[in-house]
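Okay, so subunit A shows up in both of these, paired with subunit B first and subunit C after.
What follows is the complex of A and B.
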């Protein structure tokens, strides 16, 4: 509004408030095409997770034993006269060689694909007459349905993981940096111990001792929790450094002189001043969780069949023979790739936007 | 005690000693400093940079830097020794009974919150009031410190205000819980001269309005000449002279005070050459023996470097530490 008397406070305000004040529409205009694509991509994946039964044409655990390892089918547009039967159709697949599991389209018949019917975005009359958008797996389950349901695990692992890491790292880091002294020393030495653990092997060991009897959801939360409790130390160390520098700022001293308690000063002055960095760091650490889950699931230690996750779907591509014969089983990898890249682009963008040096844009 | 009740001091510091503990050992930065302030009085604490005036102020607040510690003396506030309070008791005193404002109004406010929310926060630190009530108090306080259009200004961010207005906001925050003692540490050093006098006039006015005791820490004798009731002159962590302002300026006794007064332009005739004090303030880690001022003192005799001069009443209510007076 008025001409700033000093650049520093104005920029800090800008960093804290631009994202809110400008509104989403303004952010959208400022974003590059890549960032917009990333945002759309992530929005879609989270829709997958939230509305899996709608996006998935079939039950992800339904096994069509007649059609294992069926390749993806090509949809065709119906002639307008047949639109009452379905806007799209595909040739059903017929198994040519049961040994090699090769298929050929049966050009004498058509399967009509119904859009928005029976609570699905698209589906066919019966799962025994399926339309496999992305092929089927070795047990005849629809890969696309499994990917949609897999988004629940793979997209949420990052969010929940970051939520735990982030709150832990932020609070511990702020406390350590602000309080200083002995507390600081203890917390930082502890975080160094955690950081020096070879985390992947540690994770393997912990995942291996998870009792086999527990449900898929419990297992999922356990894995996320384990990953988060390893991951908080890095964030905490950076936040600690920032908090320690905030500690001696005049406005924090003024708050002390007004009788602000430690906790009050930490929550009101220290955390707001480091939150911008923390949000960026959090966004950039989500891919690590997605990849971590994938790696664990790939090794059979993460989410267990029949619950799908992108990682354990990809584990079928481990065998080079499978991979050569049924290349579509790599599709979950593309989803992981897209999600990870999107988060990285978004994180980079957020960092640029929150950087005071770019605030005037 | 025949002392009249009216003169009962609100704050009385006795023999305060504060030291920094460094790798090279203890460095005494406040050495046997004593002063007292009665309600409604303004005490000017004057000294050069490094004379220990800010550390004296921070000792009262118990907000010393990590390496500094009070090693002796008493700080009596309404008869209670602040040194004996627990950290939590002391925290409750800060802001509620003793408030402090600082030198840098530019950075003493958090840039990411509105000034109103910061004043409201200060109120809510010590009083159980609703948010709406606290906001009302914030607006009221902005009016008290004479910020025009307080209903609108309450939602401004610090960067939207000028330096003088920010210092007013700081004063509003400091006084929002009606403290009895205000410590102002060089409140106007960062401001230009016209704003300086406005802020000091405001402090003076509020002081009378709320019967505040004020400890004004400054290096500017001109300011204390105009605003202070009583003056304490510090040099190299010791009290050199202490009396009422009128007495001190009409009758400066300590050679250091006299030298200071001679170095103020306009104090003694228009065409007078300004007298600078030769030398520099001694290093607190290695103070000269005897009187701290003796190496620079024009009146120094041999005894000055041998005898620690005690602070004595040389005239009624006029204390001086100098063996030559």
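What follows is the complex of A and C.
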């Protein structure tokens, strides 16, 4: 990755150059409201991922077996005289009917919510006297904590996946397009084979052979690797076409005439000319990874319980019975939706800015 | 990928919406007296001897009769085709007296010849059937003889109590139709599912009239059925049955709500939904708790040396899984109360004994459950030398404890039970790798490669424990923890084998009980299986259906069922 990154300041397209020179403040001013909202959303989700223990009020695997499928609780603002106990409070939930799993707030008591205490953004005295911002799941685990920890998987799957796809696709595509001939032929036929594989079934097959006994983190990286391995071919083909057309441009010819090595020409001249497109394509492919992970986890082949991911959290909502009784288990779906939409808006915006030739407007 | 998640999400939402509103059409089937039910999959055969699947037996149970039937209330044998039977004083022969008024659908009377022919076919090595093992006594067949047209004597090489229960599963077939086919060597192809239904000649309460693959089976009343009600009225009262084939359980549930089927056995969450809908008047039906699961669901640790001993070196896991202290500690970590409340919404009871309390004859009520008690478990671990080292529980030799936990995929209940179990083990520093497996893969591991550590499994129950021989006996293929042993590996397995022999040789049920109580006690003490919970079973049926008496072991007096006519 170091080669294309160091090439960034030398962007050849006019728009790209402005983007880098103008700085973030200028970009913020230029962006539409939707794009700004998307950026804030994504920043928040990545903060969730980076600082999960701070944002999550409880341990995401702690099972409060007395309170399964508890509905979200409503926070109240304390009177100023009680601010020493907590700025916010909520009525604790009491199970009214164990079979029906109906809850009623116990109006005789209050749970005080401590902000910025014990290394958490907000929490209560004990996980057995919990405040469930978004309810609890079927095993009595705090859904909000699980969503926060789930962001680690769901938000990183896109980044890491794109990193692999992007570097593979960019290098292989540029090499293939610039070198041409037999190499080009071999690489392109290989990428065609890869593209002709029915991707989802291939993914299912690969996910099924992951051995048990590996840790959740290892499993996560294996899944990302599998998804990237399927995804790079499409990008490589487009890059290859662009590189092939750049090959005969005067400045590349000049570099060659001056005796530049093949590697130098590819990294310094060919890749920078296609990077604008690649950045846009990469941003727009992140949602694919997020949804892919969700789909695999939904089918039970992705991230395994008890490690949360937005996909496996959503799998609880598969059963129509659960969905009708405990509608809050759909909340992880809202997070997936927001993340995917944000990436798409951001990608569209980047396309307008970086790659005006292909702009949608 | 973007396209694939869509349909799944849409489906779920569409189903949910469909479930919200219940519109039941006016039930005109009631006037026609036709009962609609559902099964999950197509029947595989219409030949009662060749049945291997539950769905064929469900359909053919109405078409063919056995010498004896079970009374689902008392769980005792009661007269079927045989109106009475006598056991000789030496317990080595049983005489069956057949009813004289039973006719096949083609008008021929049912006689002793049919019974003898049925046994002959079952014992024919060229006819592959699952009935034969149950009729072999120490590997030898019984001999049957017709004293006259309506009296059959079966002679046994030694007293064999399970025979009476075995007879309930054997449906008599018509010799006058199938004997020529059998003699010609074509029995294995006779009465397959492609046979025109009117050629299936039975003697039961209903005749097969139509079968459309993947869709439905139609049955019509046998007007000539031998059974009469208290006032001499004809039975069965229903005029017909329609059995729909619906592979998806959510779809079956919705069809029940929409009144397209009349009887449905709901799962725990559905019980609550149905109860609500009945209360609010959306659903005109009955919901009844009929009892608890007759089977069992348990965690089992692999104790098979064929898996753990490689090149003469035993894996430490074999030591843990055969260490009574380790097993006892783990048994104290199964939070049955949490399983009942979290997984089954309170609609289950803790399982203590291997035989269900529904088996009133053989259930041992004197066992004391291993209570959920993480503190006690930790103490047992500590005193047995399993100490915490760097946050991991290690065995006395210093190996950190870690094992794989598996079960069959596709059941959310199993996932949740395993998640609860895993959490409690991990709280005590034991690492558990949970990996559910597809059913066929799992079965292969359990009975061929033995490559597993701990499994959550379910088994169905039988009334006569001897029919669970393949589970109890050390030589059995379902003796999960160490199957197909040539010689019992442990003294307690040898004792179970011996008790099974004694139990089968005693004809008087009361005298058999102590043997099976002892077997339950041994399994409980040795923790070969660690039981979880038993579901409460529910049945819901449409209001207009009368005299329907479902029990866990079957329907009581099914011939009396009928629809109310307004």
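Here is the rule we go by: the second predicted complex is superposed on the first by the 342 of 361 C-alpha atoms of A that agree within 3 Å, B and C clash if a C-alpha of one lies under 4 Å from a C-alpha of the other, contacts with A are read in each partner's own complex, and residues count from 1 in each chain.
Throughout what follows, contacts are C-beta pairs under 8 Å (C-beta built on N, C-alpha and C of every residue); 3 or more make two chains touch, one makes a residue touch a chain.
All values derive from a computational prediction rather than experimental measurement.
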Partner chain in contact with A:254 - subunit B first, subunit C second, else both or neither: first
First, second, both or neither for A:264, with subunit B first and subunit C second: first
Partner chain in contact with A:294 - subunit B first, subunit C second, else both or neither: second
First, second, both or neither for A:36, with subunit B first and subunit C second: neither
Touching partner for A:120 - first (subunit B), second (subunit C), both, neither: neither
First (subunit B), second (subunit C), both or neither touched by A:351: neither
Which superposed partner A:110 touches (first subunit B, second subunit C, both, neither): neither
Touched partner set for A:94, first subunit B, second subunit C, both or neither: neither
Set intersection of subunit A contacts, subunit C complex versus subunit B complex: none
Residues on subunit A engaged by subunit B in the complex (per definition of touch): 1-2, 4-6, 8-10, 12-13, 16-17, 180-181, 249-251, 253-261, 264, 268-269, 272-273
Subunit B residues within the subunit A interface of the complex: 61, 63, 66, 91-96, 99-102, 104, 106-113, 121-122, 125-126, 157-163, 170, 173-174
Interfacial residue positions of subunit C with respect to subunit A in the complex: 1-2, 4-5, 8-9, 12-13, 15-16, 19-20, 250, 269-270, 272-273, 335, 337-338, 341-343, 345-347, 402, 404, 406, 409, 412, 415-416, 419-420, 422-423, 433-436
Of all residues in subunit A, those that touch subunit C in their complex: 61, 63, 65, 68, 98-101, 138-140, 199-200, 203, 212-213, 287-288, 291-292, 294-295, 298, 300, 304-306, 317-325, 333
